[in-house]
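Lettered A, B, C and D in written order, each chain numbered from 1.
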């Protein structure tokens, strides 16, 4: 694994827990973790149970005892690392967004295709049991033709103008701000549950345009300057309308300026036969409405998707003994292990990452051109 | 009052109830109601307590015993009736949307200004206690600078393709479909709570393009044809993004194809110091989040706006003995009575109706041009 | 009508509104209202639309132009007034609790039976559409055998120890405190939805034992003393367990010391085939769970009981245009009018009031004896 | 660890995860697991990461390489195992309820006191972050004097009369049914948050009195008979009222016959200055009401207790990336490790287990005697 901060912790935990809950055909061994700061990576390896560490990620890729490279670094490094790993014959799991641009993502996908190795992009929320169950209902036609999706990902952790210019606010490190970080998630869920996006129109905004520079410990600063003020060159908010190939209309909003919304990833999908609702902050529940319910008895059901009959839920605890954020990773890694053992790339793979990036890029272009922008799949 | 269906009932009830709950300086007397169908209007007058009836609305306007004309007819008649009434020296309350177009609305506003009479447009949801309280909080600066509004008005009553082509689905009668009916409401709340809209981009859609013609009893058919199939020439859904003059960004969605949402008018507003949430289906409650709450104790409060300290609530019942839809009309009419007695037009007046129509028109043009459209106030 | 405060307002409003919404066979005429304070009753009559007033309730009963006597006075007067009215050949609607004791209630019931007139006790919450719909489901066997009911009525308006000793806190005026005021409501709903109570065990408590005397305007003080401290001789809270004749077990809690619960009348009923939930503060909604829903799709539905298919809802507005507290009275009065026209006493009648009082009395005795107390119906 | 089913899994997982999330002074090593069925315990050891296994629990207690014995067996074995382990100089963690009776629990407590070893009883829900935060608020006096607690633990997994007679339905194995399984949890939370119980009155019920015998794989059958019908000799439901030493009144209900409630452990506590609400099915949230909030702004706040400022939450993920059931165990085990390293028994210890059992026993006696039963602490 390359990187060891927030996502490093989430992934490491999932590798440790997956054989406890699932009968996976391949059991992950936490061979080595890489990071630039020797002390930091050593401490992380020790705490999270990695058997060794490296300070140069290229060393990791060269090692023969490693089959899978997991990339949890800031976005600007994804492409170089993933392509190198694939070319070295490693399977790759890469954090989202897959790349800094659709072009970059396409090169990664091409490298993946050439390599014949397993590739996966970490859109973990697909693997919430409630989302998997929603997918099942939609696939079975239980909602019929889809008319609408409305999805938000609302956070509020940078609303204080004195919050520093951490790496997630620096374009050269992360490519975009809220857009690649949060909008990428709801785009993935929309593609998964509704289908491919045909065209978009949107707008992006940076509400706080200057912030104090982060100090050395406050995040990876690309410029290295501290104690001064820096320009915020990424978006604080991204909103767009999408038309899907199947005729559905979507509204999407990602922002870090929605006070009181700590982690407000929410979606509702309306079809001709019913609707579903989901909220990450109460992620075990799925709201389901069926138009076929008898008159008088129609209403959204609150389904706690923790029963044997719900995807992945049987691996954990009895009904309504709820699971949480980290279980999305455990479920996803269980599929990755199956893919590695079976020689296939489980969804969402680099193709999904690329298509997601096409939508992200189209919204950025639309925000500049102030027109609708079609998505050009190829 | 001209017209006597759904809105006629809501208005009539409010006129009857307003002196019971409020010490209004002018007590409405239900002098006369007009409608084209003699039997229908007579029955309505009797049931709703009107002292007389007319079958020609022009007779109503000529009567000397009438001070206020209340227009609750389909949209295409609003302008002619309102202008005639104003020119005859009557005060006017007109249902929303004010007109079929911004041009028409402007002529109505000009007639109102010329007349010197009281004019009001029936955006009743402003007068929900929870919305009034939200307005108070925002006006006092409790949310600080506003960053976002997201608003929906979701219904599902025409999802069945066999639902007939009633007047609300006929462009020559109502001007637009969901757009003027539902989007007009959330535009009004946004203008009231956030401010004026600067520019919009949006799209509109008709999912079911043909429907059976309504029979005579199924609604006012402009064409009069029955038993055959007609084209739906209005929108089933309207979604748009708005930028406000104060820098806020809004997302708006109105649809009649959101299964399970019977009356889903919902909004959330995020400011630098806090947020508010509201849902018409549980309209007594206001969600309020304050960033100034101490660490650990931060979260949305659910405030049941039925206490003495909440606007209009003291007129009704003790705390949490909830009120409903009809009370928005009673509150509004109490203000109209005060305006008539005091010689001023209470908000929302025809200027609000006109500005609302400018936004509606801009979205329609944007849907055609596929570009952002600025709002030109004059 | 005798009395004109909170309940007087609720009843008066219902009489005015009932012909607007319902085709009742008898239309109420608000002939006269009685109260001891001439100025007060005159103002009330004027504001609420009563045609005349009396300062002696016995005059009201003597009047030939009055068919129905509505008693909305403090509890200690109910029996004398109701019996006098019935003996004078008037129909009677009486506020709850019907009496100060089961013995008193029994005498009222006997008088009612002797009179042959229509009698009804105002347990208005039965007439919430959601409760009526719950009753329908239970009657149809949709929940099967009932195992449990848990019901609370939680308020918080007297938690301040400086809140004065108003009439509702004086035993000689109201008989009991929370018990007769709030527990009576949930007992009625339990009897209506589950069945007759067989035995109870419970306890009652007065948390604040002394309070400032109410001044003249602060409520009807039986003692007339002001400016001093008085003993609270009624309960602040009443909790009990009940066993029903059909084997169900109930838990009941009524209190005025539940901070943050303004009007928390809530119940859940569990049967072998499903469950229902209801909360007065969001009274349009009924939660329904059906065990027969398919695996994976099981969960409580939130049904907004405002559709044509829900009892009484069709009289008002389109689906999810919610109604409120006052509509329970309007629905109930519509039944009273039908009863008067048809010559029968609609439920809940004095028999229900008496049986309710038997349960109230049994809980009081249990609180003293610290044992289970059987209910002796006769 | 002795036992390896549901609780064995939950405990094993917590031992594995605790050093990943917490800097514990003692890191658990999963030395050995015991169970009677060799194949079963071997498979469990392998899957859950135990280094060895035993088929005789006494062998486990004799081993020198084991410091802590964790007892997750059916209730009837707790006392013998715990006393033997303590006498062998082992620390002990024991599942709840601590024993089959208060007498037995007292002997366990005495053995624990004699041993000087660390003892803890697994009332894991205390260690939900939201409960810990509620405890903090109450301890700081934020709710003032406590008036009420109402607590339920509602499940529905045995409602089908054909559900077999598993060990949890056999008195000789588990002592009681719902009572010791579910009521024990809400008694613990009540003791933790409100204080000691003074007296109780309650009733218990077995709705389904006969069930098919469980087959060999269906659970530990004490009798070993299969394919026939057996008597259910434990309670299906247990409800009681409690008076606390500090004057608070509690209502408690535990049942396995509440259709639609998969895991409905819920409580509300009302104090003179505010209230709290909690629901296990949405366990990250705490509802908090403060009477000191300004007029108009009063309402329950929904606090997602996943922030740095909330107990234990900082060990996991960013705000509102929710945790679940298993984290209550991880938090609890982190305290157990601190206790072992520091030489003290963290709460809840065997004294808590004993006091809990006193309440359980008193309710059982009350159900038989039909009177209030005082709790005799000694």
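Please note the rule applied: a residue touches a chain if its C-beta (ideal position, glycine included) is under 8 Å from a C-beta of that chain, and two chains touch if they have at least 3 such contacts.
These numbers come from a predicted model, not from an experiment.
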| item | value |
| --- | --- |
| Interface composition of copies chain A and chain B: same or different, split at half | same |
| Farthest chain (mean CA position) relative to chain D | B |
| Of B-D and A-D, whichever chain pair has more C-beta contact pairs | A-D |
| Centre-to-centre distance between chain D and chain B (centres being mean Cα positions), rounded to whole Å | 54 |
| Separation of chain A from chain B, taking each centre as the mean of its C-alpha atoms, in whole Å | 40 |
| Centroid spacing, where centroids are CA-atom means, of chain A and chain D in whole angstrom | 36 |
| Contacts with two or more other chains, residues of chain C listed in rising order | 298-300, 304, 307 |
| Complex contact set, residues of chain C against chain D | 143, 147-148, 150, 152, 154, 156, 159, 201-203, 205, 207, 237, 239-241, 243, 247, 249, 251, 253, 255, 257-261, 268, 270-275, 289, 291, 298-300, 370-372 |
| Complex interface listing, chain B residues touching chain D | 133, 288, 293, 295-304, 307, 309-310 |
| Interfacial residue positions of chain A with respect to chain D in the complex | 6, 10, 12-13, 16-17, 19-20, 47-49, 157, 262-264, 280-285, 304, 306-307, 316-327 |
